[in-house]
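Structure below; questions to follow.
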Amino acid sequence: MQTHNAKRVEITIEAIMQRRLTQALLDAEVTGFTVLPVLGGSGRSGEWSRSGQVSRATGMVQVICIIRPERLNTLLDAAFKVVNSHIGVVSVTDCQVLRAERF
Amino acid sequence: MQTHNAKRVEITIEAIMQRRLTQALLDAEVTGFTVLPVLGGSGRSGEWSRSGQVSRATGMVQVICIIRPERLNTLLDAAFKVVNSHIGVVSVTDCQVLRAERF
Amino acid sequence: MQTHNAKRVEITIEAIMQRRLTQALLDAEVTGFTVLPVLGGSGRSGEWSRSGQVSRATGMVQVICIIRPERLNTLLDAAFKVVNSHIGVVSVTDCQVLRAERF
Amino acid sequence: MSDIFSLAAQNLSSPIILSFALGALAALARSDLTIPEAAAKAMSIYLLFAIGFKGGVSVVDHGVDANLALALLTGALLSATLPLIAFGLLQIMTGLSRVDAAAVAAHYGSISIVTFVAASSVLEGSGIASEGYMVAVAAVMEAPAILSALWLVSSGGASGRMDKDLWREILLNGSIVLLIGAFVIGWISGQDGLRDIQSFIVSPFKGVLCLFLLDMGLVAGRGLRSAGANLRPGVLAFGALMPLVGCTFGLAAAWFLGLSLGGTVLLMVLSASASYIAVPAAMRVALPEANPSIYLTLSLGITFPFNLTLGIPLYLALAQAVIGP
Amino acid sequence: MSDIFSLAAQNLSSPIILSFALGALAALARSDLTIPEAAAKAMSIYLLFAIGFKGGVSVVDHGVDANLALALLTGALLSATLPLIAFGLLQIMTGLSRVDAAAVAAHYGSISIVTFVAASSVLEGSGIASEGYMVAVAAVMEAPAILSALWLVSSGGASGRMDKDLWREILLNGSIVLLIGAFVIGWISGQDGLRDIQSFIVSPFKGVLCLFLLDMGLVAGRGLRSAGANLRPGVLAFGALMPLVGCTFGLAAAWFLGLSLGGTVLLMVLSASASYIAVPAAMRVALPEANPSIYLTLSLGITFPFNLTLGIPLYLALAQAVIGP
Amino acid sequence: MSDIFSLAAQNLSSPIILSFALGALAALARSDLTIPEAAAKAMSIYLLFAIGFKGGVSVVDHGVDANLALALLTGALLSATLPLIAFGLLQIMTGLSRVDAAAVAAHYGSISIVTFVAASSVLEGSGIASEGYMVAVAAVMEAPAILSALWLVSSGGASGRMDKDLWREILLNGSIVLLIGAFVIGWISGQDGLRDIQSFIVSPFKGVLCLFLLDMGLVAGRGLRSAGANLRPGVLAFGALMPLVGCTFGLAAAWFLGLSLGGTVLLMVLSASASYIAVPAAMRVALPEANPSIYLTLSLGITFPFNLTLGIPLYLALAQAVIGP
């Protein structure tokens, strides 16, 4: 089956910043992404878990973006502006996609 | 620690198609997969979010399949038949696994 | 944008073992991870789905750990001790991260 | 005539309608107010269980009308016929493709159980009785419309993807099973059963309906905000016209069946309402090319609020004029 | 004797049992009806809180029986002993491995709080009082069975993985903490407290129980569908025989303690029922080699419905025969 | 004086407070007891809807006091002023950085609606009436404190990130919209509306509050366990001192407005309480450098339980002493 090179970017970010991140992506014409819920985690700012929350103040989500390799930098620039001052993690993996015309 | 080459296939698909996809995988003797919930996303058919839904008509899930490299094409063929006429995204990444006898 | 090599480890494990796994990671000084909920899956011990559960006995979670390549073995050793006697899957992918000082 | 207006005014100032309006306004203003999906689903399960159970108990009380079987058959026929009319109207009024028009038509043949619940609640508030078995008629009307829509598509040359699994999914979808199941439970356990769980399924019913409609308002408002602008005027007009067409058929059928005033209103409401749960799911599987934002926005953003606010009092007034009080 | 049948018939036509049946049928027919996990968990929290609270209040009213401590001790002993008997029966009746048999046995020494709740609700419906502290006995019976099972495994050469964390998880698991906590709250706040929250924890109780059992039916049905076929006849028979053995021990213990008719029935129910929450979780940690589909299917798919439908009326009839009304 | 103690004792033995204590203890003991997030959110929606609705209905009954506008204005001023005082105290009592101190201060100018609900419930239990529009005052007091805090930061040279989106998020956050919306619905639909949904929003209210506080206890306990040890004594002392300062300002303002005894207590409670929903979210966006574990632990782990257990009876006694019964 015919596949094509692409990049898979995974951004773990505070839930309250989700809207700002996806808006920055859309503004950079990155229109394809998927948002996953996150149950908990641990990082430099300590451990947290969804069951310890009363408010949307401290939850996180994961935004996954599959993108053509040549558009990666545009995406990272847009994302970086939003995550920069916030806790969160950005990783990039090489991948192959079916139906490349979709990306 | 001893690891082995494998492929990680990630299929984002409408929730109503989940059963049909996993059945197609099982029929192709792909018996290992994990299903993740999806909160929302954006693609060619626009943005959507789980909080904007009354019914199971428009939600999505992510099916993750780790598989021996030589079985990748069987899997992609089976998955493609199901996702072809539907919205959704398929990506493949190289990975390493522990306990290869499990795959 | 400047990126750095890292490893992305994805561990799918029974929910009741989550605490024991993350404790083992913390003990091995792996302090960064993210926990995702899992809806269902299939493996050698059969199919299961979250909607078929009354108790926390049979659910699963996915723990994702992004780590410097040189620390991978420490992590895998720690994780292996916990998952060894339990059902579950461990996979490792090469990735690139922004803000390497965080890892 | 003044009656219609006073009834409509009274309806519009009820907590139920106001809760829906609050949800819609909050969504249009982009507030972050949301009802958790699990809570909304739990409330819909509660409402289906309660309405089914009460229907079953009332069948015990009043006996099964000889007309039960006839009413079920009529309901199925209405559900199968209305899509053809809706399709015709859509061809005239809008430029929708054949597949999109068929998908929309399926929704209008099928029913919205929440509209049915809201109407029951208005009838109850006005002390108007109705046939308990109307909930069974509601259940029967869910599916036939889907068949008509697929036939419309295939008679146009294309074809929907109808498989065995989809059949089971449609006929055994959660809402139908719960509604019919609770109906049977109410029937078997009767007044004794009702006494046991009365303070759960009767007293708090309207309050739960308020919160559920708050959520429906949020969802409808969000749908309108994101997709509303893309809907052409002809399509929007269809969303308000079709309920009037549907209710006329419902009225005629009720008259033919000799239903009581309450039963007549409920059959009108069923005919006038459009599905937004079972049918959208079926369409995604069987007609994936049809654009979901058209049918979901129409059904949930236009027809549902129309029926909830103006429709129900109007149908009641019409039924009173034709059947007498 | 005819009494048993009429009681059983009455029990079988109650909305509670019918809701369970509806869930089981829906799951077996592969309907997509589901209760959201969060809603099911919320209902179980409600039921535990309500039953614990009412138990605590009734202890204030009737005073603490001198037997309280003795009852707790007896409960713990029953929970520790029953697994040995269950294990013996499993060795005779089935070909299960030592580890699987021990894991199953642990479930039968421990208890199912929902069966307890359903039995309380039947007693209440028949106007039969019971000792309020039985909820404390229920809490005490959750854990000892796990120890016995681990001892059975280790005395066979192998060994379970019992660590400090697992101890805390078992003894402070959510159900026990909530049950005992609500019991203490009811005890402290007494009738005044009950008056405050009566219309929340008393009136809607049975209705919530219906929806909760609907969910239990769905889960049990799904379990039976996927794993039922793999269970050998001997294993299945054990699932219906063991409750009868358990209830006899419960009856003897109740007689020894001099419990009231209601308390006797409840102790029989506790002894006859099998855990499907606390013990499965503990077994996954301590005995991961044991096959969960065996113990979950037996406990939830066979023993739970058996107790719910036939067991409770039977135990009540037995207790009446032995203790008198 | 003995009155305060008996009121405090009575308050401490109410199921509401005991449920909070149970949650806190369970979390500190690391029990796995949890309330699903969706259930907790659903309960908070229920509580906001009920309290808003009842406030609106009571405004219809008693007419809008000429003071309504003045009360809203006073509330806004209190909310804007209290952060300045809190900031001053923090500078004196603690070594917190300017940004951390400003973030904490914002929480104490804003309000905790659950504390307000608990106080209403105590007043109701003691038969003390209050102005229905106090819920509108509560809504108005949510946001101004955030502005003061951002001003404090920027006047120190640094600057918060305040954008148009954040404005909308603060002013249209779910709690405010629901509280005000339900208030308006209650106002429009009046006693008729209340009769319709009374057995949903009035009768089970206290019971739902118990389970909600159980969850708050769990969350507060978990927060204390993980972050409590890192809080310096000065910071902890602030968490108990600031409510006393706040309530004094509230008392003065209530006296100036000529509020009834009940209204006075509620304004004291609003001033004494600290936000743990709207403000933390705003701070994460506007002042991401501020450490959330400081402000969340203080607000939820110290001030909330302080107000719930000792604060409310104390403010009531103070108000009675100053205003008379």
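Labels A, B, C, D, E and F are assigned to the chains in the order they are written; within every chain, residues are numbered from 1.
Just so we're on the same page, contacts are C-beta pairs under 8 Å (C-beta built on N, C-alpha and C of every residue); 3 or more make two chains touch, one makes a residue touch a chain.
What you are looking at is a predicted structure, and each value in this text was computed from that prediction instead of being measured.
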> Considering E-F alongside A-F, which chain pair is linked by more C-beta pairs in contact?
Replying inline: E-F
>> Report the chain whose CA-based centre is farthest from the CA-based centre of subunit B.
In response: F
> Looking at CA centres, what chain is most distant from subunit C?
Replying inline: D
>> Could you work out how far the Cα centre of subunit B sits from that of subunit F, in whole Å?
In response: 45
> Whole-Å distance, subunit D centre to subunit E centre, using C-alpha means?
Replying inline: 41
> Taking each chain's centre as the mean of its CA atoms, how far is subunit B from subunit D in angstrom?
Replying inline: 35
> Among the residues of subunit B, which ones contact at least 2 other chains?
Replying inline: 36-37, 47, 56, 93-94
>> Show the residues in subunit E shared as contacts by 2 or more other chains, in ascending order.
In response: 32, 34, 36-39, 42, 199, 203-204
> Which two-chain combinations touch?
Replying inline: A-B, A-C, A-F, B-C, B-D, C-E, D-E, D-F, E-F
> Tell me, which parts of subunit C touch subunit E in their complex?
Replying inline: 14, 16-17, 19-20, 45-47, 50-58, 85-87
> What residues of subunit C sit close enough to touch subunit B in their complex?
Replying inline: 10, 12, 36-44, 47, 49, 60, 62, 73, 76-77, 80, 89-94
> What does subunit D use to touch subunit F in their complex?
Replying inline: 13-16, 18-19, 22, 25-26, 29-39, 42, 125, 199, 203-208, 210-211, 214
> If you look only at subunit F, which of its residues touch subunit A in the complex?
Replying inline: 34, 37, 40, 161, 165, 215-216, 218-219, 222-223, 226, 276-278, 280-281, 283-285, 288-289, 292-293, 296, 300
>> Touching residues of subunit F toward subunit D in the complex: what are they?
In response: 36-39, 41-42, 45-46, 49, 53, 168-169, 172-174, 177-178, 181-182, 184-186, 188-189, 193, 196-197, 199-201, 203-204
